[in-house]
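Structure below; questions to follow.
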């Protein structure tokens, strides 16, 4: 676990200080007398607190990045204090949806995954970001933000993290085995198989457990790009189309040959950080985790575009939005005005080890240009030849019900994983259930 | 105590057999806990070695150190302790009253009351966690630790009444009559005679309530969404899904969180067993 | 202590119990708690199950009353039927195996031997060990890349390479194993103290009459521990039926819904499919099962009580 910066915002988000500990004890004993414990901070009386609900506070690397951005903002604002709150990724979508439904999630700023963002946008939980976009004088990239733009052209979320998939590999293991990273699906299977020496070393990593369904699904979602498939077109699911079936068959071969089975993400990351995983289709977020967990392995990481003809890779846009149920909207806007300034956004992006700018103005920031030149592992993620597409392009109208879609696909796919049936038969069954789901769109 | 017919040889064989079974069962039971301890005190690179080593090759306390450094673990434990203590308090006092009513008085509706308790006790909380959550968020009871212990108490009280009832009933008639002659009213009888005489059973109720609350995950994860209000169960589960939690830290967490109830239980296991047996025999 | 443990026929408390209002006052706190936190939520659950409520609807979406639509759907819902089957199987195996293993251990340990106190204390540890902590241990032990069982089982004659928590039927076996580990030592302790009540003289008499160990168990031991046996079977059933966190946190109900018991299904339907109404309908059927079991138990118990007074 990486060096801990000793700044107060970080201690808020993840660590614990003696002061925090005593404060906690006080709150608990206070709760004996008062029926309601809200945990509202007593300090910063003059400043209004704006909570940012995100899962970033739980990811190594990014946690530090967000804490430092928050501290930087807090230091210069006299009216607003931002705080990072939220839940780990695995339970994030659930928590946000139930919290909004029950009216208990009143934090002003909410970060979302692409699927969650569109669901909340369509349900009317977001407010347009016209003011901060204007204040920062930026023009959000329409390709990334199309799905959060309404008919009038108002934008309801600006990406703070856009990640895409690349084939990330441990160059050390490849060199030792005398192999080169794959450029076709068949080569991928071959290299992964050659680099597997179970249980010491695994040739490939892909999430595969139902207890962490969210990760399993967003990774598998991207997988159909291997043979140029999509999951749905409009309201028509394509789960049993030849492209999807062929992609999943390849996945299954890889799974049996080279993927550590039944590992949770934490254990797999540990495995990778110990140099025992050769490669994976990772989003750049994973790089940051590996960097913080094991700098030695980080130094060996390299990337190439996804190994198939089209080089299509899902880009995942994670926007920040204004919550309609928020309490301190003016203060939240003040933070966004600041955050959207190209220099600040570039700072956040660089600290997060991300590289896709939400608006072209960021490309002009000199530090950012320099940063891009100096990242050894970045080649495979950058366009071209990597072709970014969004989950919306793969999911059609089902994007608002992506979780349900994923549950159906994964549940049926597992019959094939367990060798009870063929991939085709499993996907035929999924297709029938997905057609039923289409009725609810 | 036993009349054993047979030669010394067969006796020896039997006792060897018995000891080996006992050892086997004990190993089975203790192994996961042993493995937790080994992993918690061992540097992760050794734990992750293949093939695994059966005993700790090196030991350090980094796991514990990191656990408290990376997470508000102390606070989570305090939260758990607070909720469990409050649950214990509510459960014991409410159960004493309820058991008193059931075992010492004749009244209409006793059967219905008993039925309600039995039903509540069997009810899986997961079936109604969503409506409870909706109600709690409407009345602003979500993210509130005392409110959480109310839920815990509601689901353990039936067990409490069920443990106390036979103990209360077993108090000899003569004792209560004597007390009455001495001029004890109902509450004095409860306070001066029943509670002291049944203290082991009451203690058992307290411990059962404490465990139920300390161990609860479902209610807590649904009702509490603020990180600094997490009880340890929810806090630990959240570190489980964090990408960077080293295995040593995770198992240190399991150890610290799991140990208090085990130790507590070992100290008072005799009381619990007799309390539960009292319940067991009358059902 | 011993005295409290011994059963007594309840004394008629008419004299003391003559107060008319006191018992009602005594149960007020419990009733308030139960009404607010158990009965009211149940009515809400029933109400939602009759609507088409989903989670994450558009703000201000109207909830429609759909009558028994959700229930009618359940009859043909294969995953619902599967979860009923899984719950039943899980509960039955728990009732037989955990209680059986508990009884077996108790019979073995009942003899005097050195270190008996220590063994007893040891055997209580898993029961007191909280679910989430157990989950952490078992995920670690069972994990296929470096968990000790995961690694060792590669040498077993059957193929567990799909992972103990991620492939069928091993995931189901794993959750059974976990719940047995947690409960059977506790059951053995309870049996142990029940065995203290087995009349020593009867056992001796049986031995003198030439009865073997099995005959002695059937004729003397079993009848006197029967109430405990029934009770623990009920406990084991309740435990299995209620078990949520150990299943949810290890398998999430997977693979392929093979470990999705009724309670996990309620949760998954609400939070993975966001279908509140369907989830409530499943929950209500679970409530009905609970109610039925409680009723059967009461009937059995009142029969047993009649027998006792014969």
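Here the chain labels run A, B and C in written order, and each chain numbers its own residues starting at 1.
Just so we're on the same page, contacts are C-beta pairs under 8 Å (C-beta built on N, C-alpha and C of every residue); 3 or more make two chains touch, one makes a residue touch a chain.
These numbers come from a predicted model, not from an experiment.
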| item | value |
| --- | --- |
| Highest C-beta pair count, chain pair | B-C |
| Farthest-lying chain, centroid of Cα atoms versus that of chain C | A |
| Distance between chain centroids, defined by C-alpha means - chain B, chain C (Å) | 15 |
| Chain centre separation (chain A, chain C; CA means) in Å | 38 |
| Overlap residues in chain C, where contacts from two or more other chains coincide | 139, 146, 151, 248-249 |
| Of all residues in chain A, the ones touching two or more other chains | 98, 199, 212, 264, 267, 271 |
| Two or more partner chains touched - positions in chain B | 48, 50, 134, 240, 247, 250 |
| Complex contacts: residues of chain C adjacent to chain A | 55-60, 79, 139, 142-146, 150-151, 154, 161-168, 248-257, 268, 271-274 |
| Residues of chain A defined as touching chain B within the complex | 1, 4, 14-16, 20-21, 24-25, 27-29, 31-32, 35-39, 58-60, 85, 87-91, 95, 98-99, 102-105, 199-200, 212, 264-267, 269-271, 274, 289, 292-293 |
| Complex interface listing, chain B residues touching chain A | 44-45, 48, 50, 66, 68-75, 78-79, 82, 86, 133-134, 137-138, 140, 142-147, 221-222, 225-229, 238, 240-247, 249-250 |
| Touching residues on chain B, where the partner in the complex is chain C | 1-3, 5, 15, 18-19, 21-22, 25-26, 28-30, 32-33, 35-36, 39, 47-52, 93-95, 97-98, 100-101, 103-107, 109-110, 113, 115-132, 134-135, 150-151, 153-155, 157, 161, 166-167, 169-170, 172-173, 176-177, 180, 186, 189, 197-198, 200-201, 211, 214-215, 217-218, 232-233, 236-237, 240, 247, 250-251, 253-255, 257-258, 261-262, 264-266, 269-271, 273-274, 276-283 |
| Touch list for chain A against partner chain C, complex | 94, 97-98, 100-101, 119-120, 122-125, 199, 202, 208-213, 256, 260-264, 267, 271, 324, 403-404, 407, 410-412, 414-415, 417-418, 420 |
